[in-house]
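Chains here go by letter, A, B, C and D, matching the order in which they are written, and residues are numbered from 1 within each.
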Amino acid sequence: MATTTHSKARRSAAGPDPTPDTTAPDNATRLELYRLQVELRSFEKRAYDLFLQNLVKGTSHLSLGQEAIAAAFGVAMRSDDYTFATYRGHAHTLARGVPMGPVLAELLGRANGLMAGKGGSMHLTSVEHGVMGSYAIIGAHLPIACGAAWSAQYRDSGQVAVAFFGDGTTNIGAFHEALNFAVIWKLPVVFVCENNLWMEYTRTTTITAVEHPAADRASAYGLEPVLVDGNDADAMHHAAVAALSRARAGEGPSMIEALTYRQGGHSRADPGKYRPQQEVDEWLARDPLPRYRARLLDAGVPVAELEAIEEAARQAVERATEEAKAGALPGPELVLTDVWADGGSSWRN
Amino acid sequence: MATTTHSKARRSAAGPDPTPDTTAPDNATRLELYRLQVELRSFEKRAYDLFLQNLVKGTSHLSLGQEAIAAAFGVAMRSDDYTFATYRGHAHTLARGVPMGPVLAELLGRANGLMAGKGGSMHLTSVEHGVMGSYAIIGAHLPIACGAAWSAQYRDSGQVAVAFFGDGTTNIGAFHEALNFAVIWKLPVVFVCENNLWMEYTRTTTITAVEHPAADRASAYGLEPVLVDGNDADAMHHAAVAALSRARAGEGPSMIEALTYRQGGHSRADPGKYRPQQEVDEWLARDPLPRYRARLLDAGVPVAELEAIEEAARQAVERATEEAKAGALPGPELVLTDVWADGGSSWRN
Amino acid sequence: MAELTYREAIARGIAQEMRRDRNVLLLGEDVAEAGGVFKGTVGLLDEFGPVRVRDTPISEQAILGAAMGAAMTGLVPIAEIMFSDFFAVCWDIVVNEIAKSRYMTNGQVSFPLVIRAGNGGGLRFGAQHSQSVENWAMAVPGLKVVVPSNPRDVVGLMAAAVRDPDPVIFLEQKALYSTKGEVPDGEIVDTLGSAKVLRQGGDATIVTLGTMVPRSLAAAEQLALAGVDCTVVDVRSLVPLDTRTILAAVSATGRLFTVEENPRLCGWGAELVSIATEECFFDLDGPPVRITTPHIPLPAADTLEDLAIPSVERIAATVQKAMEK
Amino acid sequence: MAELTYREAIARGIAQEMRRDRNVLLLGEDVAEAGGVFKGTVGLLDEFGPVRVRDTPISEQAILGAAMGAAMTGLVPIAEIMFSDFFAVCWDIVVNEIAKSRYMTNGQVSFPLVIRAGNGGGLRFGAQHSQSVENWAMAVPGLKVVVPSNPRDVVGLMAAAVRDPDPVIFLEQKALYSTKGEVPDGEIVDTLGSAKVLRQGGDATIVTLGTMVPRSLAAAEQLALAGVDCTVVDVRSLVPLDTRTILAAVSATGRLFTVEENPRLCGWGAELVSIATEECFFDLDGPPVRITTPHIPLPAADTLEDLAIPSVERIAATVQKAMEK
């Protein structure tokens, strides 16, 4: 099922292959991929603006530059599939159809937030959309995704669990346990490593024994290495479809390493100055959005159609911003609720 | 440095290669290897007898059948190298020159035990012999061995840390973290996986994604796969020397997978009935001791010399047994000592 | 009515729930083929088959991650962590993920799961296989914590734990596995958060848990001969905590003694003493006294371990001395 | 005398010790190039170089395993665990290995190491990045636990921790990183196990720690205006615990209030209340009262987090109400 062979992974070390050998998705799918990428981009930019305005309390981690990955899976996944995201989870949450308003309101700590402000930007969850949580302890969600996949397998529901994580996450123990566990139980789970080259402020290759932290480790679990251009929505969509159908067919897990780059800092207002400007420029030149837009125009999609999508996204973000800002602050009654399934938090009689 | 290539590892799946391509050690070394194996074998048999006599309280895990591995490293290691063992650590402790008496006394929970009875059979430690501890939480000692190696590297002492562990241990997170860490810091540490095919009562291949739990994962850390016949003291010695000199030369860590078999149960009085008799018989036929004895005789070593070694071991075990049995029970004064470096356990003034 | 060992009661309790609900699954190391290293799951593979009773790798984070993910998607997993000491290698899944996710998501998910673990000392297994971690779990918001002291309670509390919609840490006392007790026939379902008064006495109240329960009862008999008549309360469930029963028993005698196996600092006994002194201060006739294992790792040798963990003699002597004052 | 922030004091304290002893090394995620995610190690890479100040992978078990192995072979590592919540992914190395090995080996090894971690709430980071885990560590025999409340103590206690031959958990309060305070010039070396009386009052004794110290002092000022004159004690070190200073202060006023940031159950406050009631029972004029965060995971929204963690107002109101009774 590998869209790229391992030797190719080696070759593509210089950077993602400009012309991926993928069969292009149909036009409707491509417009959907574009729409999602534009929406995610617009949302993340707005989230950043609001953070600078000090309206986003705590922290927030943006996916600017990595939207193609979330968009591809958002389009490829079945509505009842499970998403397990990280603290860098805005895009993955929105890509499953969660409306922007409640997500933005959660970032702002409002009562109309997705979790009424109790979770915050790092823990976005919307079970009704299959977003089973965003996890802020590195690696923890990988074994948890195995559990959801095990459940799907036991219930024979045909659902697939998809877990997104970063390059730096491949060095923590939970990664290793989850990969081995998923393979031996042949679980319908897809592990997606978004290799953006950096951890927080440290370059991952400087503390990792192999060049491709996920792909170079696939064989340790009897898996095929899969290395994809994460800034190419078509290539990502192709890889997503392949991995999802493999899982749904009962053929077990896959691991995809998507090569990408975070255009901004790690979190909050981090300017990301620790990164060489040339590297940043190179990757900005590979920005998935203009690239995809150009491809659609080449393919004959009328510019007006793309502009309509862009305008719609702009308006959606505006509406979401108003909705979020209009939200009330969560009240004291929320503090002691929902520790337990009975809705309360009492530990005594 | 691999004594076996990966392809060969594949071939040897049927079982260890009967004629390993190793250059035989000199005669003195071979006699030393034989002496150690005989001593370890005699000790473990006695430990088992004493357990059946209910003199070994708690638990105990024997290395019967795996002696060649401990013996080879015992002979190959420098006196100031570090050993990190597991709960199955009698052999590795004795192989570093720790006298039998205190080890047996520790198993019996006596005041003259190696740790005065405070540690027990699973935690044998003798810092003066370089035995930096036996660890009973699966995998924990692998990162700790990295720390000792880091210390040797920083102090430029030329010491090497060697960590022994089992096949089942390769599936826990700490294994993964330690291997990556050792490689990126180029630490002088040798990881020795004693693949005896079984965890406690479960066959490791049934819950592991690859056939050779250590060798098939070496590449995930940029290491050469090394698969050795763990029941052949010469082959093990060759592999040990290679890995130790590589580490001492500053070339970084190695991981060796030694194919072996525990002839008895996992612990205590476990009869090991979950294992097919044919498998047990096959491996008993590969018992490292008679095999090595025959090889020495073929090489022209006079039988008398071997019998002298065997007799000496018998006597050493007898003396150790008397010494251990004669030990007093540890007194109440020990309970509250040595939590802290000041020798006490007080947490308040 | 049948006489069962504590270990047999584990399998009986699990089987009762697995028969009732096919979504109840069991996973852990050596739980299937081998029937558990403590033989607590013998027969379950045969009755329920390899799909519902599964052996796992030595990957505690994967075991509990799998249980969590399954619980949040409709199943009711019972996960075994062989020795409670091993919670330390998967504590993140327990305390940061399972315990917090319902709250963080404003109630979108819940975790009907049970995590069983062999707990406590007495088997001369040494410091890494003998710990009593009930206080570790009690200190974490979002976890329920149960510790049965006899075979009947094992079955009843197991059923209550499996049926509870929240995560329950179910601690099995290794020192009690071979103890026997009468267990009524038919379905037994207990309730979490109910303590049991096992002995009524007018002079002092001993509040205890797990392996310390039989020891406290034996000590109470010795004390009675010495003229000190004690009430003995088996806490059974640390979270939820039956403060009503416990505080009533404390107020009735005016003296509180807690007997804990966990090490000295920040144990459940400290919590109970603090609750009692804050809420029954004026009912207390003397200082509450905690009887615990000293604040040390457990030694391996039998003679040393017996000196460290509260014994019948130490319990009786401590109460006696305090009551004389 | 210089005015430093709490975060600057971290680097100052570490630098002081690294200059003194070349065997003192620093490791952790983003501690070198980046100077720490909380900027607590800025400048150390430049002064001490990449061999003594090292960035690590996201492998907390490897970080602490490395620290342990180095400590038992002659070095004095200072390891950083970025957020104390992450102790949950490496708890085994802390509690089963580092804390127990000296005892298990009958004193053959010791562990002169320090584990630093950003601790506590107030930054709106949510339930997985805001916990106060001082009680987790205090509950484990073999660990020393220090929590400085101001820049001067950061330097002095850091020096004491590095020079101590036993493992020390050094908790840095995230909410205090940006606070300022006077720090004397030259070498500062404090002693572990010494509490500090920060305010003398005759009516009640407030015992507190870390981020709750400035809040308790502010509450004491409010209470003074309301006619309740409080002694305020900064515990500073949970293990070893300065019971002498604390109990003297409790006996002097006859009333004990503890102010803890950690969740309700089994906190250090419960331990202190239990010690005080057992040892100063007849000096107490009223029930000891614990002021804590409720037994819940911490919510992320600023308004909610502020309601959960003890505030100046809640501290003052609780003491006031209890004193009126």
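Keep this in mind: contacts are C-beta pairs under 8 Å (C-beta built on N, C-alpha and C of every residue); 3 or more make two chains touch, one makes a residue touch a chain.
Everything quoted here is computed from the prediction, not taken from an experiment.
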Counting C-beta pairs in contact for B-C and for A-C, the higher total belongs to A-C
Can you tell me which chain lies farthest from subunit B, using the average of the Cα atoms as each chain's centre? A
Measuring centre to centre with CA averages, how many angstrom lie between subunit B and subunit C? 36
Could you work out how far the Cα centre of subunit C sits from that of subunit D, in whole Å? 30
Whole-Å distance, C-alpha centre of subunit B to that of subunit D, is 41
Touching two or more other chains in subunit D are residues 56-57, 59-61, 85-86, 88-89, 92, 96, 103-104, 126-128, 141-142, 239, 264-265, 294-297, 299-300
So which stretches of subunit B touch two or more other chains? 116, 118-120, 123, 135, 137, 140, 171-174, 177, 180, 184, 206-208, 334, 339, 345, 347
The subunit C residues in contact with subunit B across the complex are 29-30, 33-34, 37, 55-61, 85-86, 88-89, 123-129, 264-265, 294-297, 299-304, 307-308
Help me check something: in the complex, which residues belonging to subunit C touch subunit A? 25, 51, 54, 56-57, 59-62, 64-75, 77, 92-93, 96-97, 101-110, 112, 141-142, 165-166, 193, 239-244
In their shared complex, subunit C is touched by residues of subunit A numbered 82, 115-116, 118-120, 123, 125-127, 132-133, 135, 137, 140, 142-152, 154-155, 161, 173-174, 177-178, 180-181, 184-185, 334, 337-343, 345-349
Interface with subunit D, subunit C side, in the complex: residues 85-89, 91-92, 94-96, 99-100, 103-104, 126-128, 135-136, 138-142, 239, 262-271, 273-274, 277-279, 281, 284, 286-290, 294-297, 299-300
Spell out the residues on subunit A that touch subunit B in their complex, using ranges where they run on. 171-177, 179-180, 183-184, 206-210, 216-217, 219-223
